[in-house]
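Common to both upcoming complexes is chain A, partnered first by chain B, then by chain C.
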Partner chain A sequence: MNRSALRGVIGAILLLAVWEGLARGFSLPAYTLPAVSEIMAAVWRHRAMLLPAGWLTMWEALSGYAVGSVLGIGFAVLLAVLTPLRGPLLPVLMAINSVPVAAYSPLVLLWFGIGVASKVVMVALAVGFTVFLSALAGFDRVDRRSVDLMRSFGAGPLAILWRLRLPAALPLIATGMRVSTVRSLIVAIVTEMLGAYGGLGWIIYQAVVQIDFVQVWSAIVVASCISLAFFGVVGAIERRVIFWR
Partner chain B sequence: MADTAPPPLLEMSRISKTFGPVQALNGLELSVSPGEFVTVVGPSGCGKSTLFNIVAGLEEPDQGGILRFKGQSCHAAELLGRVSFMPQRDLLLPWRNVVDNAILANEIEGANRREARAKALAMLPEFGLAGFEKQYPHQLSGGMRQRVALMRTFMFERDLLLLDEPFGALDALTRTMMQRWLLDVWQRHRRTILFITHDVDEALFLGDRVLVMTARPGAVKLNCPVPLPRPRHADLVTAPEFVALKRQVLDAIEEEAMKSFTASTGAHS
Partner chain C sequence: MSMRGPALAMLRLLAGLLIAGAVWEGAVIALGIRPHILPRLGMIWGAVMQAPQAYWDGFLRTLIETLIGFAMGACVGVLNGVVFFRLPTLRDMLLPIFVVSQTIPVIAFGALVVLWFGNTLMAKAIIAFYLTFFPVTVNTLLGLNSVDPRQVALLRSFGANGAQILFRLQLPMALPQTFVALRLAASLSLVGAIVGEWFGDTTGLGVLLLQAMYNENVVALWAAIFCCAILGTGFYALVAWAERRLVFWGAEQ
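Coming up: the complex of A and B.
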C-alpha cells in the first residue's frame, strides 16, 4: 500500500472513531446519528435483505452506466464527424441536460414502469450526458497541426478519427466516465426511492417510513461500498489504458 | 539528349497566397531538381510555413499561379499523400511507441502493419534509436523524439521531403550532431529535400542551394548555390568559401529584416 492510500485509511479510521465517540458519549438518538458499531451490526443482521438489494441496485447502475457511456461516446463521435449536425442538435441536447436529471424521473417511471427498466434509463440519461459532453470536448481538443500532419499523409476523416481524434479524446472520456460511476449509483438509488420493487433506495425509503434510522444507515453503508469499489475499478482501468498522461 | 538535366521535381511559378487582408506570398518562383537538398531561410513571418503548407497540399494557393509536380500541373490538394511532410514540432502520438509512431504514415496508406514494423525495426539503428522500439514519446529526449519524427518522414517513401525547422527546438550541440547525421542519411537515401530553417549556418552546411526569402509578402529574394564539396565536415563552417557565402546570405536577410522592421515601426508611428 502506498503512502497516500495509507493516509486515507488512517483518516477513515479516525473519522469512524470520532463518530463512534460522539454517538456514544452524547448518547445521540438513532434519528440524529447512530453509532458506527450499531450500524455495522445492523448491516450484518440484515445481510439477507441488504445483499440482494445491493446486487439489484448495482446491476441497475452498471447497466445504465454501460448504455449511457456507449450512447454518450456514440453521439459525440457523430457530432465530431458530422459537424453540420451540431448547429441544430447541440442546443436541444444542452436544454435536456440543463434540467437536473432527477426531474425526469416521474415521467420515466410512468413510461418504463417501476421495475428495473426505469432505473437503467435514468442512469443512462445521467451518465450519457456527462460522457457525451466530456467526449465532445475531447474530440475538439485535438491539435490542429496533428490533423494537418495526418492529412499530409493522405488520411481521410475516418482515419483521422480512428487514429488521432479518438485516442486524443480518451483522457477526457475517461474522466467523464470516472465521475459518472458515483453519479450512476446516486441516480439509481434516488429513482428507487421514487418507486421500485427493491434495491437500496427502496430499502432506505421503507426504513424512513418505519422510522428505522439504523436501517437507513446500513443501506447507505452498502451503497457507499459499492460506489467506492466501482469508482476504484474504473479509476484503475483508466490508469492502465491511458498510460501516457 | 541523355546528358540534359532531369526535369524539376517541383516547380512553382507566380505563386501567391492571401489570408484575408494579409498577403503571405506574392509571386513566388521556385524549382527543385530530383535529389537536390534545398534550404530556405528568411526573416520570421515571411511565409515560409505557408510555402510548405502549399507544397504539402494543406493550403491552396491563390488563382493564377502555376504548381507543377513531376512535370504535371496540379492543385495543391492533389499533393496530399504525395510528399513527406515533417512539421516544426515532432507531433508524435503519445499513445504509440517508437515503432508505431514511425509507421503511422505507412499505416494510413494501407501498408501491412507487420511488414511496416519489421522495416521500421531494421531502420532504428540508422536513426540512433536501436533498442528504443518499445519506448513511448514521453520517455524520450527531445533529440530522440525528433529522430523518431524524421524516421516517420523517411518511412513514408515519397520523392520529396519537406522538413520545417526540424532541429529548431534542439540545443546547439544536439543540433550540429543531427545536421551531420541528416546529411549522412540523405546521402544514402538520395531523396529530394526542401528544408526550412532560420539558421544561416545550418542552411549553408546542409544545402546544395540556399533560397533567401523576402519579408512578407514572401518571394524568393536570393537563389544562392552552395558549391561546397560533399561529404561536408564540421570544420567547413570556418572555411573562407563558407564564410563568403554566409556574408552574401546574411546581407540579403539583413536587408529584408530591416524592410519588415521599418514597415512595422512605420505603421505604428
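Coming up: the complex of A and C.
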C-alpha cells in the first residue's frame, strides 16, 4: 500500500473513531447523530428489508444509466455526423437541459406513474444529458486540420467519426459516464422519495415520517455502498478501455 | 468586435428559444395532445399571471437559498483547495472522505439537515452548500497544482513570501479551473435548494413543484418548471459573465 492510500485509511479510521466517540461520549440522541456501531447494527438488523430495497434502487439506476448513456452518445454521434441537424435540435435540447433535473421529477411521476418506469426515465434524463454534452464536446475537440487531412484522403464522415473523433472523444465520454454513476443513484432515490412502491428512497421517506433516524442512516449507508461500488467499477473499466490516457 | 460575440450568442439563444416554443405549440396543436400531458404555452403563462405573487415569492426564496449555499460552497471550496495544497498529509487523509461523502445521496442527507437546522432558510442553503463545495475544492486544488514551479521559484527569488505567491500567482493561475467548478456549482446549488424545500416548507419553487404534483395540476407544474429554468439559466449566465470579466486571459473549457 502506498503512502497516500495509507493516510486515506488513517483518515477514515480517525473520522469513524471521532464520530463514535462524539456520539457515545456525549450520548447524543439518535436524531442528532447515532453512533457508527448503532447504524451498522441497524443495517444488519434490517437487512431483510434494506437488501431488496437496495437491489430495486440499484436496478432502476442501472437501467436508467444504460438507457441514458446509449441515448446521450447516440444523439451526440447524430449531431456530430449530421451537422445541419444542430441548428434546430441543439436549442431544443439546451432548453430542456436548462431546467434543473430534480424539477422534472414531479412531472415524470405524473406521466409515468409511481412504478419503476418513472425512476428509469428520470435517471436516463439526468445521465443522458451529462453524457450527451461531454460526448459532443469530445467529438468537436478534434483539430480542424486533422479532419481536412482525412477528408483529402477520401475519408467519409463515418470514417472520420470512427477513426478520429471517437478516440478523441472517449476520455471525455468516460468522464461524463463516471460522474453520472453517482448521479444516477441520487436521482433514483430522489424520485423514489416523491412516490414509489419500494426502494431506498421510499425507506428513507418512511423513516423520516416515522422520525426513525437510525433507519435513515442505515439506508444512507446501503445507498453509499452501492454508489461507491458503481463508481469504482465504471472507473476501473475506464482505465482498461482508455489505456492511452 | 468585442460586442459581436455576446450579441451573436444572444441572438442565437433567442432564435433557439423561439424554435423550441414553436415546436412545442406546433406539437400540441398538430398532435392534439391533451393539456394533462402537455399544456399550451399560453395556458402556462396564464397560470403564472393568476397568482404572480406566489411565483415571485417562491422565485426569490429559492434564489436566496441558492445564492447563500453557492457563496458558502465557493468560499469553503477555495479555502479547502488552498489548505489541501499546502498540507498534502491532510489532503491524503481528508480527500478520500470527501469523495465518499459525495456518493451519499443528497436527499437522504437533506432529511438530516432539515432535522438539524429546523425548517429554515439555512437548512436549504446547507444542502446547496453540500453539493457545491466538493467540485470547487477539487478544481482549485487541480489549478494550484498545475502552477509552473519555475514561476514560483522566480517570485521567491525576488523575495516574495508565501502569502504574496499565493495571492499574486497561484490563486489567479488556478482561477480558470476554479471557474469550471463554479459554473457546475451554479446548477448544483439550485438543485440542492429545490430538493431541500421538499422536506417541508411553505414558499419556494420546490414547494410549488410539489403542490402542483399533489394536485395533479400539470399547468402549474410547468409554470414552476419554467421558473426553475429562468432562475437556473440566469444564475449560470451570471457566473459565466463573472468568469469572462475575471479570467480575461482566456477561460478553460
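By our rule, the second predicted complex is superposed on the first by the 239 of 245 C-alpha atoms of A that agree within 3 Å, B and C clash if a C-alpha of one lies under 4 Å from a C-alpha of the other, contacts with A are read in each partner's own complex, and residues count from 1 in each chain.
Criterion: a residue touches a chain if its C-beta (ideal position, glycine included) is under 8 Å from a C-beta of that chain, and two chains touch if they have at least 3 such contacts.
Fair warning: this is a prediction, and the values are worked out from it, not measured in the lab.
Once the two complexes are overlaid through chain A, chain B and chain C fit side by side, free of any clash as defined at the top of the document. Once the two complexes are overlaid on the shared chain, A:228 sits against chain C while remaining clear of chain B. Contacts of A:164 after superposition on the shared chain: chain B is touched, whereas chain C is not.
Applying the stated contact rule after C-alpha superposition, one finds that A:149 touches chain B and leaves chain C untouched. Number of chain A residues touched is higher for C, counting chain B against chain C. Of the two partner chains, neither chain B nor chain C is touched by A:62. In the superposition on chain A, no contact is made by A:73 with either chain B or chain C. When the two complexes are overlaid on their common chain A, residue A:95 makes contact with chain C while staying clear of chain B.
Shared-chain residue A:177: touches no atom of chain B or chain C.
No C-alpha atom of chain B lies closer than 17 Å to any C-alpha atom of chain C in the overlay. On chain A, the positions that touch chain B within their shared complex are 143, 145-146, 148-155, 159, 163-164, 167, 170, 242-244.
Chain A makes touch with chain C in their complex at residues 3-4, 7-8, 10-12, 14-15, 31-32, 88, 90-92, 94-95, 98-104, 106-107, 109-111, 137, 182, 185-186, 189-190, 193-194, 200-201, 204, 207-208, 213, 216-217, 219-220, 223-224, 227-228, 231.
If you check the complex, the residues on chain C that touch chain A are 12-13, 15-17, 19-20, 23, 37, 89, 92-97, 100, 102-109, 111-112, 115-116, 187, 190-191, 194-195, 198-199, 205-206, 209-210, 212-213, 216, 218, 221-222, 224-225, 228-229, 232-233, 253.
Across the complex, chain B meets chain A through its residues 53, 56-58, 80-83, 85, 87, 89, 91, 93-95, 104-105, 107-109, 136-138, 156.
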